[in-house]
Each structure stands twice: as structure tokens, then as C-alpha cells.
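Dropping the structures in below, format is C-alpha cells.
Heads up, the next two complexes both have chain A, just with different partners, chain B and then chain C.
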Partner chain A sequence: MDETTILYFIAVVFSILVIYWISIAVSLTYRRNRTARLEKIEITFADIVSRYLYEDPKKPLTLTEITRTLRNVGIKEKNKNNIQFLIRLMIRTQRTIVGSNFYKLQRLYTQIPPYGVSVKKISSWNWYRQARGIRELYEMNQSQYFDEIFKYRNDKNIYVRREAQIALVVFLGWESLRFLPYLKRNMTLWQQIKIVEKLYDLYPKPELKWLHRAYKTDRLFGIKLLMRIIRKYELHAETGYIVDNLNHEDYEVRETAIYCIKTFAVSSSTMEYIKNLYDDIPDATQQGQLLDYIYQNSEIDLDFYMRQLYGTNDDLKLSIAEILWNNGYKEKVQEFYYEQYPNSVLNVG
Partner chain B sequence: MWDSAESFFGSYYIYWISVFLFIGYGASLVTLYLSGIILARRSIKRTKQRSIFLREEDIVSATDIPSVTVIAPAYNEGLTIIENVKSLLSIQYPYYELILVNDGSKDDSLEKLIEEFDLEQQDATFITQPIPTASVKHIYKSRKKKYTHLTVIDKNNGGKADSINAGVNFATTELVIFTDVDCIIEQDAILKMVRPYLEEDDKEIIGCGGGIGIANDSVIKNGILAELRLPSRLIPMNQVVEYIRAFLLGRMAWSEVNGLMLISGAFGMYPRKRVIEVGGFNPKTVGEDLELCIRLRKHMEEKKIPYKVVYLPETLCWTEAPSDYNILIRQRDRWARGLWETISLHKDLFFNRKYSKMGMLYYPYWLFFEFGAPIVEFLGVICIIAFGLLGWIHWPFAILLSFAAYLVGCVFSTIAIFMYVKSFDHYTKPKQVVELLLAAYLEPFYYHPLLLFGQMKGYYKKLFDITSGWGTMTRKGFKITKS
Partner chain C sequence: MRKVLVIQEDIIILKILERLVKLNNFECRAIRSLDALNIEDQQTNYDFIITDILFEGIAPLEFVAQIQEILLHKNLLIVTNMGQDKIKQEIFALRDITGFYAVPIDLDEIEAIIQAY
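Let's look at the complex of A and B:
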């Protein structure tokens, strides 16, 4: 390596530096212009929607006028980012409107540009575009595309299949649960939450026959989803399904079951049953969580607590001791302590 | 073989070995940074795309999302504690608790808290503490309805790690966030931080970090960052660039390959059960954040549970950086000691196949390039002086080579600034960007030598067993305006 080589290297590195300076300048300018453009689109769209929904009979808004106005602010086929922004605005607006105006707005959406943009995205090779397309279709309630979306319910990309499964719930409601046993891939926590939330928002009246059919599922994510649905709808009559899963062999199913049962107050006989299941739970942390539920939701059952106090896990024993100590059974804790450490002084409080 | 320093440095072999060692080391670093840029770019893009499908407004309206506790230790923070706690209380999240741990403050922090938040002592005669800590004196809860999610733990002094452990003991939520009481956390930070936990599929998320920004001279209003300004002084300004580079390029790149070994102690989220399983923070090291992350990873590797440590590119937490060189040196001295302690505590990881990539790649990287960089640099300075005195250096060539290395450094900083400007709207004015670039280009001449000095000071203390704790971090405080 000689000085000429180094000088050549310096020239290359310096050129890269200059390219990045230019990129920064372009980025700053683009951002400023873009912000202004998006603001303009937003204001124009808000004006169109309000004029369309609350029409002035003297000056009715024609579709030609709407199309022209949108084109003037940059809603053209070649400006994909502007179109994408408009779709976001459309979804956002639709979410906030209910009643007859909602249907009026849907009618408007079918008549104005962009035409068929979302459905075209579904056939894209890019997962991001596919998932976005599905999302846009269900957010805008375009149920006529159900068949196109349905085939993606088991897609290998998590986002594509998640959006497709949510679309099923949006379009079919409770009936969509019949597909649960046939879903092949795992569902994330968010997927479950989103399905539960959509179901609750759009179909608030439970249809138990679909729920009961779905109980047949042996998919772990399916069991978790059903328990979350029971919790969200506060289906007291269905708590047995949650209770039965408290001692499930899978850690996460048990975790969900413990989480869901906390929403319900159960009968004393069910509580007795839960106490019996307590010993079958193989994880001490989860036992601790269930213990907390038992303590909060039932009278002090001295026999049960004393049995646990002489158990094997130190953390749990400490929790039991805390419950007994704070509920008037200090002498039981002291007795237990002195049995183990006959020569010590109990230093609590 | 060598009877004097002159003969040692004058040796032909030593000269060429040094040259190849330094050039090889530098070239490896440049290659790693270049790979880092590619990975970080991919990671940022992917995070942005994913966020479209999990918007904050969807999370906030959901009912099954995990509950979160923010744990903030405080020691002698009386001057600013009320403002700081109000800021932390204003974070938006449906299932949110704040535990403030008063670590045996000698000032009037606790009295101020009791008065401002109308705190009442709770019955805590028997408390279960899975992680041993210095003894807890009292637990306080607010009588005011709007502060029901605030708990104050008053305990004997045990240090930052010990205080956080006490907070973990008392937390009842699934997730815990560790932060410093004087950090300004973005209002929607938790909503963003829980995303990876909600989306976890086949790998458990054991840690999630968010970008940390410097807010010296910025305006804080009602506990919220009202106006972000660039620091007026050069040292904190350089830290802005340093943080952008470290968080946006470094951490995001490591996150992409699941190689993150550090989640900053200023703002990190963990599942409480995993933190308890590993026994919480290690109070015996001053690099407790790095140490915890490594221990958690080891724990998961040993249990053979697939896991991930992730980072979010957005700046979610704002902090005040050291504003003069004395405090900066003290901070870097402490970080260097923390790194030394953690590296030696986990030396069993070194090329240990049992820990797969962590043992074979990530730990060796930390050893050679994070721990080793200041040493190599220091040795480089010595060699330049020695070889220069012996007349072995061809100065025109050396100056050109140094200039080339300087330019390469400038390119990395410029790319980091470009990526930040392109992705986020914190610094949008051309003047701010020019100032950041200038600070980055001046960095090697005065800021970097200070860092090197601080790091070598820390290593020196460890090498000669000189006891030194956390040291005092004097802060100027944010510009607070009341509404």
C-alpha cells in the first residue's frame, strides 16, 4: 500500500460522505414537503366527508367533483404513498362514525378513488403489502373479498395469516370459531387479543353453539383463545372450561387459565375443586398465582393452608405464612417456625 | 531477547506484528460496523412495518394486555423528586404501576413524597421477598385516588441494584421496567415496549430496550418533554451523536441477529418471573444492567428455552448526559469497571459451545471489541510515540492513513445521523442536523480522548484493585416550565 492508494481511498470515502450529506438534505426537504402535502389531503378529505354526510341541498357534492378535488391534492394512481395515506384516513374516519352515516360512508368509499387498491395488494409477493391489503379490506368491511382472504388463514407469514384470521372474525363473527380446530400455525398473544376484541366490538351477543363446537380443539393457542373469549364476555356458565385447564400440562395454557379465572367469582364447590387442582400444578410460580386467587376469593380454609405450609417449596411456604400471619394465625406460623428452628427467635414485624 | 524498551520497540518483528495487529483490528471493526449498518437498516425497516399491524391505539383499548410496573430507585433526589415522580406517573398504559424505591436517602425525599402524594404507611408486617435485599422499612401508598398506582418503598441503603431488586419483590405485574427516577419517559413508551411481548411467537422475549436520547437544555413541561433542543455545550452534544450511533446502529444491528447482551439500565423491560428466577440484579457490580442481561441469556440457554432480546429503534426515554468532562470521565470510568467485572464474572462463556452463539460470537465480540478497544487504542498511542521517537514512522503516509481512518469514522457517524433524521422527527431543522454533524466530526479531537482516559482509568482501578463505587453524578437538571 502506498500514498497514492491511500489518497484514492480517501477520495472514495469522501465521495460517500458527500452522498450522505446530499441524502440528509434531500430527506429533510422531502419530509417538510410531505408533511405539508399530507396535511392538505387530510383537510380536503375531512371537508369531502362532512359535505357528503351533511349535504347542503343547494350545493350538492357530485362524485365528479369529489374525484377532481382528490386528484388536485395528489390522489393519483402513480402517487402510491398519497393513496396509502388516503386509505388510512378512510379507515380512521369509518371507525369513528356509526349509524346511518356509517353506511352512507361505505357507499361513498365504493364510488371514489382509489379503486381496488387493497384487493390488488393481496396477490402481492411481499408479505407486508399482502397483510396490509387484508387489513384494509376488513377494516373497510369489504366482505365481498372473503374468498380471496380465506385462503391465507394458514399462511406461513405470521402477519398475513393473522390479518386473514382477524378478517374471518370480522366477516363471520362467532361462526368463525368453527375454523379454530383446523388452524395449523401458532397464534401469538396479540393475535388472540385482537380476535377477542374484534369479536366483542362487532358481535357483542354471544353465540354459544359455536363456542361449544370450538371446545373440541386440541390446539393450545385455540384453548387459550377460547378462555380469553369466556373472560371477555364474562360467560360465568362457561368457567368450567377455564377451571379444567388450570392443571393443563402446558405452562402457557395454565398461565392463561389462571389469568382468566381471576375475572370470575366461583361457587364454593368449584373453589373446592380448584383447591384440589392446586397440587397438580407443576410450577411453583403458578401455584403462587392461584394461591393468591384462592385467598382473594374464599374464606380462610385453615386445613388447606396448613397443608401447604408443610409443603416443599420455600417461596410458597413463605406466601402461606404471610397469609396466615396477616389473618390472625400468627401462632400457627410460630409453631411451624419453631418446629424447624427450635433454638431461634422469630423476628417478624 | 530485548534488553531495553528501545531494543523492544526497535525490533523489526515487533514493528511489523504491531502494524498488522492494529490494521487487522481496525479492519475487523470497520467490517463489523458496516455489517451493523446493513443489519440495523433491515431491523429498523422491519420494526416500522410490523408496527403498522400493532398500533398503540389498538393496544390501549385491549383488555388482555400484560400489566407493567415501572421501578425507579431514588437516592438523595429531593430537589427534583416530585417533578420526576409526576412525570413517571403520567405515562399512558391501562395496567400500569409505579414503584419508587427510596434507597435510604439522607435528604428530605421521603418527607416531600409523603406530603405531595398524601402517602400512608401500609401494613407490611410480613412480606414475601424472593430476592434478598437490604431491609425494607416501610411501604407507602397514596390516599389520593389519582395516585393509586403509586407505591413508595422506603428501605435501607443498598445501592441501585439492590433497590431495583426490592421493587421487583413488591411488583405483582407480569412485566417490569427499570428506569432512573430522573429519566423522562415518552408517554406512549410502554405501549410500544409491550409490542414484542404481544407478538412473541416461538421465542420468549426476555428483555426489551428502547432508544435513549439526550435532553440537556430541552424544555420539560408537566413532566413531558415539551421541546427537544440540542445541548448548548459540546460534550453533551457529542453524547447525542454517540447515543444515536450506539442505539440506532449498534443495538438495532445486534437485535436483528438476537445478539444483544446489554439493555441499558436507564430503560429496559423484562418479564418479572425471569428476573426472579435469576435472582435479580447483582448488587456487587457497577455494570448491573449488562450483567443481568448476560445472566438472563445464560439462564435461558441452560434451560434450553428459545428466547429473544429485542430493541426498539424509537427514542422512548430521555436523560440528562454529563455536561462537563469531569463527570463524563467518572461515568466512563464506572462503565469500564462494570464491563471488566461482567466480563470476568462470565468468563466461562468464552468460546463455550454450550452457550451456542452467545459463547462463540457475542461474548468474544464484547471481549475483543468492547472491552478490548480502549486497550488496543491505548497501546496504539504508545506504539506511535515509541516508533515515532525511533524514527520508524513514515509521517506523510501515517498522516494520510490517519486522515482516511478519520473519514471512515465520519462516514459512520453521518450514516447514523442520516438514518435517525430519515426515521424520526426529533431533529428536523437543518441547523440542528448541521450542528450534529459538526459535533460528530470534532469528536475524535477532544471527546474521544476523554472517553479513552475514563475507560483506562476504570481498567487501572480494577487492575490494581483500587476500590471505587458508583461515584457522584452531578446533574444540572432539565429546564422545567409549569403550565
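Let's look at the complex of A and C:
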């Protein structure tokens, strides 16, 4: 390698280094400016909200003043990132406050920029923007756009319809269950949990009228959702719906029913009914779970357990035997055991 | 004039509480962390301290204990994002706490307490 090649090599390495330094410097400056800008927007927004909620009679805050101030800190149509940041602040603030100020904020949001940015997102071709738009509208409680959102409850994209369905719950509360029988697409477990949690947070007082109407749904996800709602609200009077689904033909519906019934203690007559349903469950694991529930929530019913012990279901006989053994019926288990083997094999007697 | 100290990291809640307090004819000092305290604050006997409990580098209960130890005050209100049952129980077990409000908060309740003072 001669001298010029080495010099050339050094020059190349050095220039790459310089490019790195410059890009680091640019990125650092950009980030510093950006953080400063966002902080300024946050402080300005905090100032506006506080002055709007607690207005000083001597120095009232006008809408033109708000619009001007926001524009001065960079809330302009072309600065999409700034607008998005402001929307995030608006949602955060709305979530922090309840009572009369919540409604004041809701009114403020309809009057200040970014006007209608969220609702414009709904008509976007991109599912991500659509879902985000719907979410922003329900988080800011802008119920005037209900009709636009309502159209998306059966959207083919899972995220768009998920947000639209949650928006229905936020705006209508228990009444939104009215639409449950008419939903066409599947609802995932996560979506069911989100709906139950949202409903519980915003509408803690149950309105059984709507629940009863939703009972006529034959969609599997609908049945599961209703059972989860009954469980979350601890609606003891509605446990019949869960019990009726314990022997449902679908595996997951049965699974949810068993999971939900575990929250409740039921009357002895209902427990008798559950014991009758026990034989109809085609899956041994689920029978085992239900057996566990029956054992923990009722007195020892010797007839029931003996029937199971001498029945045809071999999978759970060991569990049944254990229950009997531990609850004072040791000799019954021994009797059953000896009956299975002729004396000669056992080498006894 | 009656004095209130507000300590909140979240600038929006801080500003809102500051306005609420000022409009009710209190003198208000609003800061975002304990670092911003000065000697004067330590000598002032505040009528109310309205504070969060979630700050970097310090456990919630320890923070409350510190406030009670270093600042003179008559009433201590806690307004925080941390509304978990465990925290609530622990805070209620402490002595001399006038009120505990977890988000979402109803500002009217806080205003009522201040006005009743």
C-alpha cells in the first residue's frame, strides 16, 4: 500500500466521521428545539385551560385570544405534529377532570383549533388514522359526531370497528348493548374486556333493561360479553344467564361461563341445576373446573359424587375419589377400588 | 393574606389548581418539584399544601413524610394520579392528611374545601 492510497483512505474515513458529527449536531439541535417547542405548547395550553375553567371577571378570556395564542406557539394546519401533540394534551386533561369542569372542557374543545381535525381523520383511507380519529373523538367526548362514528361499528378493519364500538359504549353507555345482536363481525377477548372496563368506569350503575334486550343475541362473542358484564357488575339476579350457558355447545362460551360463575355463590336449587348440567359438558377439563366450583361452593352431596364415581367418565374419577377421601368417605373410595379388581389379583383375603 | 403551596409535576393540573386557589383570594405559590423550594417557603406557615405524591427518586409515603417534616402547614391535600387502593389505604393510615383526591378529580370538591376554610 503506497502513501497516496493511505492518504486517500484517511480522507474517506475522516469525511465519514465529519458527516456523523454533523448529523449528530443537527439531530441534537432539532431535538432541543422540538422539546422547547412542545414545552411551550404545553405551558400555553395549561394557561388557557386554567384561565378558561376559572375565569377572572376582570380579565376575561376571549376565543379570539385563545386562537391567536395557540397560533403563535405553532398550532397551525401545516404543523401536523404540533396539532397531534395538542390533541394528546387535550385528551390527557379531559381524563383528569370530572364534574362541571369536564363539560366546560368539552365545550372549549369544540370552539378552539384544531377544528374538526379528528373528525376529518375518520374519512381517511388509512385505517390507522381512522381508528385514531374515532379514539380522539370519544376521549374528548365529542358526541356530536356520533352519527359519523356509528357507521364504522361493523367495519372490516378490526381496529376501526373496535374503536367505533368503544365510542358507542362511551356515548350511549348501557343503551349501546341494544346494538349487540346486530354486530356482524367477531369481537376478540381483548375487545370484550375493554368494553366491560369502559362501561364500568363511565356507567357504574347497571341498567338491566338494556341487558335483558341484549340477551336475545345469538352471536357467540355477544353471549361471552354479556356474561363478563354480569360478572364485573356482580349482578346476582342475572346469574341464570351464565348458568344456562354452562353446557353451551361452543367450547369458549362454556369456558367463559365457568370463569364467570366462579365469582358468584348460588342458591342450593341453582346448584342442583348446575349439577344436572355437569353431565352435559363434553370436555373433561371443563368438567374438572366445574367440579372444583361445585365442591367449593356447596355441601358434600354424596349421591352426586357417588354417581360420578360409578359413572362412565373415567377422566375425573381420581378427583372425585380425592374429594370423597378427604371429606370422610374413605371407605366408599376403598370399596370402589376393591370392586374393580378380583381378590386373586390383589392378593388379599 | 392566606397562603397556599401547590406542588404538581403535571403543568396542566398545576396551573388549574393555581388559578382555582387565586380566584378564591389566596396567595399561591405553584412549583413543579421540591427542588424549587426556597428558604422562604420553609419559614412560611401555609394554610394549605396541595401536592402530588408521585415524584422521581422518592417513594410516595416518604414524600408525604418529608413534606410534613420540612414545611409548616395547617392542611395537607393530596391530588394525584396514583389512585390505587393500596396507596389510598397507606395514605389514609397516615396522620394529618386533610384530603386525598385521585384522578379523575372533581375540582369543585377541592374548591369547596378551600372556601370552607
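Couple of notes before you dig in:
Here, the second predicted complex is superposed on the first by the 265 of 349 C-alpha atoms of A that agree within 3 Å, B and C clash if a C-alpha of one lies under 4 Å from a C-alpha of the other, contacts with A are read in each partner's own complex, and residues count from 1 in each chain.
FYI, a residue touches a chain if its C-beta (ideal position, glycine included) is under 8 Å from a C-beta of that chain, and two chains touch if they have at least 3 such contacts.
Just so you know, these numbers come straight off a predicted model, no measurement behind them.
In the superposed model, A:Asn101 lies in contact with chain C only, and not with chain B. When the two complexes are overlaid on their common chain A, residue A:Leu302 makes contact with neither chain B nor chain C.
In the superposition on chain A, A:Ile22 makes contact with neither chain B nor chain C. Applying the stated contact rule after C-alpha superposition, one finds that A:Thr93 touches chain C and leaves chain B untouched. Looking at the shared chain after the overlay, A:Phe45 reaches chain C, while chain B stays out of its contact range.
Contact with chain B, but none with chain C, is seen for A:Tyr128 once the two complexes are overlaid on the shared chain. Looking at the shared chain after the overlay, A:Leu63 reaches neither chain B nor chain C. In the three-chain superposition model, chain A touches chain B and chain C at no common residue. Here chain A touches chain C in the complex through residues 42-43, 45-47, 49-51, 53-54, 56, 89, 92-93, 95-102, going by the rule given at the top.
Against chain A, in their complex, chain C makes its touches with residues 10-16, 18-20, 22-23, 103-109.
Of all residues in chain B, those touching chain A in their complex are 49-50, 52-54, 58, 61-65, 123, 125-128, 130, 195, 197-202, 273, 276, 396-397, 400-401, 403-404, 407-408, 410-411, 414-415, 417-418, 421-422, 425, 428, 430, 433, 437.
In the complex of the two chains, the chain A residues touching chain B come out as 2-3, 6-7, 9-10, 13-14, 16-17, 20-21, 23-25, 27-28, 31-32, 128, 131-132, 135, 158-159, 162-163, 186, 188-190, 192-194, 196-197, 228, 231-232, 259, 285, 315, 318-319, 321-322, 325-326, 348-349.
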